[in-house]
Amino acid sequence: MTSKLLSLRDAVGRLVRDGHSVALGCALEPAIPFAFAHEVIRQRRQDLHLVGPISDIAFDQLIGAGCVARVSAAWVGNVSAGLAHAYRRAMEQGIPRRIEVRDHSNFTVAQALLAGALGAPYLPTRTLLGSDIPRANGTFRESTDPFSGDKLLLVPAIVPDVAVVAVQRADEDGNAHLWGPWGVSQEAALAARSVIVLADEIVDRSVIATDPNRTIVPATKVAAVVHEPGACHPSPLQGRYRRDHAFFHEYHRATRDVEGFDAWIEEWVTGVADRSAYLAKLGPRWTALRDTGRPAAEARF
Amino acid sequence: MVAQAAREIRDGERVFVGMRLPLIAFVVAKRTHAPNAVGLFELGIVRDEPAAELLYTMGDNPNVAGAVWCARTIDLMGLLQRGDVDAGFIGGAEIDMQGNLNTTAIGPDRRRPSVQLPGSGGGADIASLAHRLIVIMPHDKRRLREKVDFVTSPGYGTGGDWRRRGGLPRGGPSVLITTLAVFRFVDGAAVLASHHPGVSVERIREETGWPLSTAADVHETERPSAEVLRIIRDYDPKGFWTRRGD
Amino acid sequence: MTSKLLSLRDAVGRLVRDGHSVALGCALEPAIPFAFAHEVIRQRRQDLHLVGPISDIAFDQLIGAGCVARVSAAWVGNVSAGLAHAYRRAMEQGIPRRIEVRDHSNFTVAQALLAGALGAPYLPTRTLLGSDIPRANGTFRESTDPFSGDKLLLVPAIVPDVAVVAVQRADEDGNAHLWGPWGVSQEAALAARSVIVLADEIVDRSVIATDPNRTIVPATKVAAVVHEPGACHPSPLQGRYRRDHAFFHEYHRATRDVEGFDAWIEEWVTGVADRSAYLAKLGPRWTALRDTGRPAAEARF
Amino acid sequence: MVAQAAREIRDGERVFVGMRLPLIAFVVAKRTHAPNAVGLFELGIVRDEPAAELLYTMGDNPNVAGAVWCARTIDLMGLLQRGDVDAGFIGGAEIDMQGNLNTTAIGPDRRRPSVQLPGSGGGADIASLAHRLIVIMPHDKRRLREKVDFVTSPGYGTGGDWRRRGGLPRGGPSVLITTLAVFRFVDGAAVLASHHPGVSVERIREETGWPLSTAADVHETERPSAEVLRIIRDYDPKGFWTRRGD
């Protein structure tokens, strides 16, 4: 078995290029790889195409930091606090730059990534017929079902250059266990050209092999494995740590204007060397979020 | 709003719940008249019991612990597209008389909006594919508009058989619950059904951006029972979601 | 929570009608609900449309017993022993009756059921282009990808009247945990109009809720829950019992001619009242197949 | 056959293994020259180590225990359609010179076959979508035919760019391994590359249903090493799958 263990700095440095399409936040509200987004900002990647259903504030941070040229998403905001200020500034005023948005719904993002995972050119659907989203998105096609004659919308496959998944545990080869909601994480990982796994814990291959049903992505698809505890804060990771609700609200208040946004990025992203420094800065607030959960009922293989 | 929203959930129904007030409406319904209702959450969660504590997002750990199914978004959306979901909740920034909702952007040019909104999330899917849509919004003349700038979630379009002609398999808004009133949709258009206690029809007319049409039996919205108010306050004691009145 | 517990006799009696399309054996070689197939034979259902990828010998038994009018499958045989004699007799000589076969590959069966689960009219694919299977199947359509101009095959959705899934454990409401290979079981269950769950063990809802990622089908889709230990013999059920290889070979040798087939059905199906009588007849041979497996690594919710 | 099949697996490749002899070839390859090969099984299993004991089907409990991924058939087939699978094994009842395989039915009318075969299983998908197809069959004039009655798994069709014109994204048979010989496919047609020890080219010609074409460097098939024979006998001591010679 090969080891694909890299530091997050090296994983982003080697695998994420300017202009790449990057899928992240694919479990929706939980398990968002904020550590990855922050490293991308520190390394000043540009012209990225962000792909994901709802990203909570990760997309907002990347957009405000000027790393993004295009967004394919169903929702960009701050789930528990409201609108996303940096996203608004980019769209309304072109600050720090203009970005292109390809509007989606959660279902069409899921279908586009599933098509990518299946190697299918598109998936046919009846959702959004009558919505203005297809016109705004620009990549869909209206069609007629040859079997029934009904109207259909064809959602073309999305094949991200990179998909990032944060999981509870993985082995060094990239076999990764994720439990809790999967959202569109598996479709994104199987659709992508390369996958970066952020694991809260690195375990021996034999641990993964005791429960292969928990594997969300097999090593054959994985390019890099990063051991990054706490990678998802302020979003939660099931059975490991809870959501830091106040952090989302503090971000919302702090980033109302550009100066506030820049100061926030300086304090929490460019001002810290890496994730461990970030967690150290959080201090007791971080340790208070620990959540050990309850054990799953036994299953024997 | 929450109490009225809870009344819209029938016992045994499979409901796409969503966040904020609808989530609390689901809790109220489960604990009162709809103990067998099942809640579906688009990130891939199905629950037959509400979470043990107040949720800030549907992905909070307590909403996963104790769920009966934790799957993928596509699985839940598949149920929705198949027609296996009875009702769904949705909010919006703007709505018109035909129940078309805008949660995408304010302004004539979507590429250069005057206000960029978060977007559809799963809302447009619920509006397209659920058997019945329950809309909850603050009542404001700038929100209840003659015409919305962008149709994120299709209601009855231009009315008539617009949904069927467009290819939508079913559904459409059944009710619009605002901070002032309750509207029912009759022949694809919103009709004032009841005004909340202490709110005059005149005030509702002033606060509504379309020519108000009123049901013959327009009446006062039923007040929430003491039990319902207790359930709401127990679930959201700090009023994080219900601060703006229930 | 409602209880959907029924005896297998009542579940088949109430939910399976002559002419129904029935999906079973959807995990491929393991977890085949032979107990269900045998009860269908005992109740003399007719004109069934069997749906499944490969059924090992379950389809052969139903065909030989005269319950089947049509088969939509990728493979009908005896996996470790060879050809399926009853299927051969039906196709080659019309004994006991002629049946219609809609040829599939495993991928097209999976796509047809996934389309049914998604409520999509069809799935587009590049498999089988150049194979004679599409012509023999008769329900597919050739198409052109409007995005690329490439040739495509459109596989229409299959929506079975009934899907039968055998699982390790379920609650009385129908929330069912299956581990080991899923094959096309989840797609079949989500696509079907009604689902019958055969559970090796009935557990409290709270057990299911400790590990919702293991749930293959939620109660909202389930019409009946049957507590039927050993329902899959001679096929295996992960962590519960192993495959009875010899039984497949004995069946192969015993059913070479019609008389042999009828005698086998009399001995193992119509001659036994139910599954518990069948297991009692197996005796020590059955208990020797027990497999307790190894426990999955802990996951906490 | 097994020893030659094992040689066709390259280190690090992702291989759709299937059952019977190919499964043992995978074991041999893993334990000799291809320790990093990964095996995919269409019911939804991915293994980077062979199962601990002899398998009668890919769904036997020992093939699940110790797997690194246990998923759904559609997930594995998706990898195959995407082009993420390097090679796949397949057998058949009939094959023609262009490598088209029949595992469906013998006889002119598929609806009234003279011999009903089990069908494709995943074979036709592997033949359609894998980068490289490895075919293993008993050598028999009635099996290696001028023309097959039914094309279950497409080879090179009528030859030339038939696959591309038909819409297949890639692939086709690279080798046909029989009980007597090894054929390589050159410009979409089978060419005799080597004869097994003690088998004459004349006998192969007699046992082959198409006009035999022979490579310039036709030679004797490399004999399996003692180590390979030991691995095979250790894995299948009773010769359940390898009885008919390895």
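Here the chain labels run A, B, C and D in written order, and each chain numbers its own residues starting at 1.
Operating definition for what follows: a contact is a pair of C-beta atoms (placed from the backbone, for glycine too) under 8 Å apart; a residue touches a chain by one contact, two chains touch by 3 or more.
Values in this document were obtained by computation on a predicted structure and should not be read as measured data.
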Legend entry - Which of A-D and A-B has more C-beta contact pairs: A-B
Legend entry - Farthest chain (mean CA position) relative to chain D: B
Inset, instruction - Averaged over CA atoms, how far is the centre of chain B from the centre of chain D? Could you give it in whole Å? - result: 56
Inset, instruction - Between chain C and chain D, tell me the centre distance in angstrom, where each centre is the average of that chain's C-alpha atoms. - result: 27
Legend entry - Rounded Å distance, chain A centre to chain D centre (Cα mean): 40
Legend entry - Residues of chain C touching at least two other chains: 118-120, 125-126, 150, 152, 179-180, 182, 186, 208, 213, 238-239, 293-294, 301
Inset, instruction - Find every residue in chain B that makes contact with two or more other chains and list them. - result: 45, 61, 64-65, 70-71, 74, 77, 80-81, 129
Legend entry - chain D contact footprint on chain A (complex, rising order): 1-2, 116-120, 171, 173, 175, 186, 190, 205, 208-209, 212-213, 215, 218-221, 301
Legend entry - In the complex with chain C, residue positions of chain A that touch it: 118-126, 141, 143, 145-148, 150, 152, 154, 156, 168, 177, 179-180, 182, 203, 207-208, 210-211, 213-214, 238-239, 292-301
Legend entry - In the complex, chain B residues that touch chain A: 19, 41-45, 56-61, 64-65, 70-74, 77, 80-81, 104-105, 110-125, 127-129, 150-154, 157, 162-163, 166-169
Inset, instruction - Provide the residue numbers of chain B that touch chain C in the complex, in ascending order. - result: 14, 36, 38, 45-46, 48, 61, 64-71, 74-75, 77-84, 129
Legend entry - chain A - residues contacting chain B, complex: 27-30, 53-54, 56, 73-77, 79-80, 83-84, 87-88, 91-92, 101, 103-107, 110-111, 114, 125-133, 136, 150-152, 179-187, 235-236, 238-239, 242-243, 245, 248, 291, 293-294
